[in-house]
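Input: one structure, supplied below.
By letter and in written order, the chains are A, B, C and D; residue numbering begins at 1 in each of them.
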Amino acid sequence: MSTRTPEEQLAEHRTEVEGLREQVCDLHAELPRWNLVTWTSGNVSARVPGTDLMVIKPSGVSYDDLRPEDIVVCDLHGRRVRGRHNPSSDTEAHAYVYRERADVGGVVHTHSPYATAWAARGEAIPCAVTAMADEFGGDVPVGPFALIGGDDIGRGVVATLRDHRSPAVLMRGHGVFTIGGDARAAVKAAVMCEDVARTVHFARQGGPVQRLPQEHIDALHDRYQNVYGQ
Amino acid sequence: MSTRTPEEQLAEHRTEVEGLREQVCDLHAELPRWNLVTWTSGNVSARVPGTDLMVIKPSGVSYDDLRPEDIVVCDLHGRRVRGRHNPSSDTEAHAYVYRERADVGGVVHTHSPYATAWAARGEAIPCAVTAMADEFGGDVPVGPFALIGGDDIGRGVVATLRDHRSPAVLMRGHGVFTIGGDARAAVKAAVMCEDVARTVHFARQGGPVQRLPQEHIDALHDRYQNVYGQ
Amino acid sequence: MSTRTPEEQLAEHRTEVEGLREQVCDLHAELPRWNLVTWTSGNVSARVPGTDLMVIKPSGVSYDDLRPEDIVVCDLHGRRVRGRHNPSSDTEAHAYVYRERADVGGVVHTHSPYATAWAARGEAIPCAVTAMADEFGGDVPVGPFALIGGDDIGRGVVATLRDHRSPAVLMRGHGVFTIGGDARAAVKAAVMCEDVARTVHFARQGGPVQRLPQEHIDALHDRYQNVYGQ
Amino acid sequence: MSTRTPEEQLAEHRTEVEGLREQVCDLHAELPRWNLVTWTSGNVSARVPGTDLMVIKPSGVSYDDLRPEDIVVCDLHGRRVRGRHNPSSDTEAHAYVYRERADVGGVVHTHSPYATAWAARGEAIPCAVTAMADEFGGDVPVGPFALIGGDDIGRGVVATLRDHRSPAVLMRGHGVFTIGGDARAAVKAAVMCEDVARTVHFARQGGPVQRLPQEHIDALHDRYQNVYGQ
């Protein structure tokens, strides 16, 4: 943690902060596009690298109306440092993740319908297709039920993900949290989580579904993390 | 109720009425956007504050073609006061709600598919996820089967909602009615009703789903109504 | 039937024909919009009033590329009278309906997924919601399996619809045919057929669904056909 | 196979290659349009006729950002001959198909959700509707589970399709591969495969579904392949 005040950090990193506000604003358009959100129900945040600051969606603002200057700058306890709006009511959960996981640069929260259906039953999504092995390296796990406000949700997210390769966790009776090295990676994890939640849901409607053998999951995950992309 | 005639009230509140016609026209675009309607099957209305007037969608006009001047002005018995078109065939139900519930400023009716599926079975949507506790404060209840025409539907809506925190009711064998302090809030309730109807539908397809404990529902609902947003 | 040749009828009704080609071209955009079709798999036709002519989609042309001049003019045996393209491979079925049902001015055929699922099982959609009573006046019935080519499909459509109020029939193992007083009414019936097929499908996934009582269906259908709209 | 080097073949066929890059780039827009892909998860390739070259999507590039010059030119062992980007991680599977099937000019791979659900169970889609007989001439078969990298996937695709009329195969625990005389035909097969996977999925949710009689499948397939379209 920096010894400077949040305001001093903001002044020093003004350009990076404005760039991240724009990027995080734009990434919110991915949420309705991939059917992850209804009305204003999901949010994206990003850590400001090298600081104790994060940027996050304002509470209750629609995705259509969101502009970069609406994105709220907070410290890593969720206190607003800059911005006209109140930050997302999920800010404390995002902030807790950033405090506890130095490797995390982006967090996404949604109630995407297929993934939230698994969360409502408190059932992990079994790793039944290769795309799931690629992205999640195994099942998408279930975290505890936790009430909003304070650190309970963040604590549940961090504790659950510690024991899994998965960048996504299904918070019981609630919805999805995903993490990534940056905000874009966390958004991708949220998009893919809904995709596999849906595919495995459909698969199970037609009969039993087998988990892939562990050695195949390991091989696929290793390859995807190291070879895929540019 | 005002002692003035509807026409006098309209003359006095011309500016507010025109503003509401525009707002209600625009809000209809949310219905296809969130997959709540097919062809011309849903409608939004708003009370004109301080009068015995309401504005509502014309009957059988497509959402694409709808312009502010098409929105019909009615009195609170559903009689047309201004507008070229016949008002929605659901106007009497909307009007009844406004007469009986002085706190309601907006009403929405849809046959949104997941919610209507619960209505077809006559089954309340159990409060199984936090988003549902937030918005509905419990189950989305079922109202009676009622035929269109006269006050039966409105009476069923009002009687059912009286006993619930939910701004949405599933009218048996028919569809959804939602209420709000204004038309936008009623539209949001209709959008969220379909969202939770869908999520809990998916959840139940995979196995049993537990209702959240009542104390959690209470805590979530209280927080959401008082803290969320700007 | 007219005693003039199709070419003479076309010459006499040139303006009406061009207007219908434009209207039918535009109506095809409703098919992808309401998720009734995949690739090029559905088609709309219209009778040219006062003639033995019809206009219909060309075979295998994508909805994006369709222009009014691509719409094919045929006689009521499905023979092309005007147009560069071959008419839809379903033309004989449309033509049969126009020959047998003087009251029909528009026909639509789709493989819309929920309705076709009922057709695959050979199961009528039970009239379980008021929207279905309104538009269909009862169940959406199932017609026989019939191979494409010749009059078999058209015969099955006409024979099945003769005994029902429904403007839609589920052809077993195939898809949906709808009829209307004009092409727009037939398109509306196709859109509403998929809508109710979906809603009742969802409803039944959660448990048993009751058909509405016959006297309610009768009352709703009567009112909708006579009161709704402008 | 040509005796010229890939670079020589590229120089000779420059105009065709650039045309195919543009066509294949454009065809990728059909994948999100028909809900076949999530994020960057599907790819289209085309053989360059008369050469040992193919063009294919770059790895991990989003569909929005894809431009013709991003499409990678490879030889038929999947080695890049031209292009800034790495080719799709599925390139070896595409290349194997082109080496073994001289009649194939286009290959598509997706994880489209309904088809992948059948693949996750390892269950063929039964030919239960006429549209499926038309396009696939029978069931959509299941191929073996195979790990990415090397020829295993390609070998599974080719071995499975050898025994079927279907241009689509469900690779167990993975997703869909389709082939066609050109890239557009392979894309159409991928679109139709998801369509029938969805329709038969819905049909089976409501009860047992019968396969069409073989003689009807044969008659429909023959007609569709020889009569349909322009």
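Note that in this section contacts are C-beta pairs under 8 Å (C-beta built on N, C-alpha and C of every residue); 3 or more make two chains touch, one makes a residue touch a chain.
Chain by chain, the UniProt names read as follows: A, B, C, D = L-ribulose-5-phosphate 4-epimerase.
Keep in mind the model is a prediction, meaning the values are calculated, not measured.
Counting only chains that touch, the fewest steps needed to get from chain B to chain C is 1. Where chain C touches chain D, the two copies mostly use different residue numbers: shared numbers make up under half of all numbers in play. Distance between chain A and chain C, defined via averaged C-alpha coordinates, is recorded as 46 Å. Inter-chain spacing, taken between the CA centroids of chain A and chain D, is 32 Å.
Those residues of chain C in touch with two or more other chains are numbered 205. Listing the residues of chain A that touch chain D in their complex gives 34, 128-131, 188, 191-192, 194-195, 198-200, 202-203, 205-210, 212, 216, 219-220, 223, 227-230. Interface of chain C with chain D (complex): residues 38-39, 41, 58-61, 85-86, 89, 111, 113-114, 116-121, 123, 145, 147-149, 173-175, 201, 204-205.
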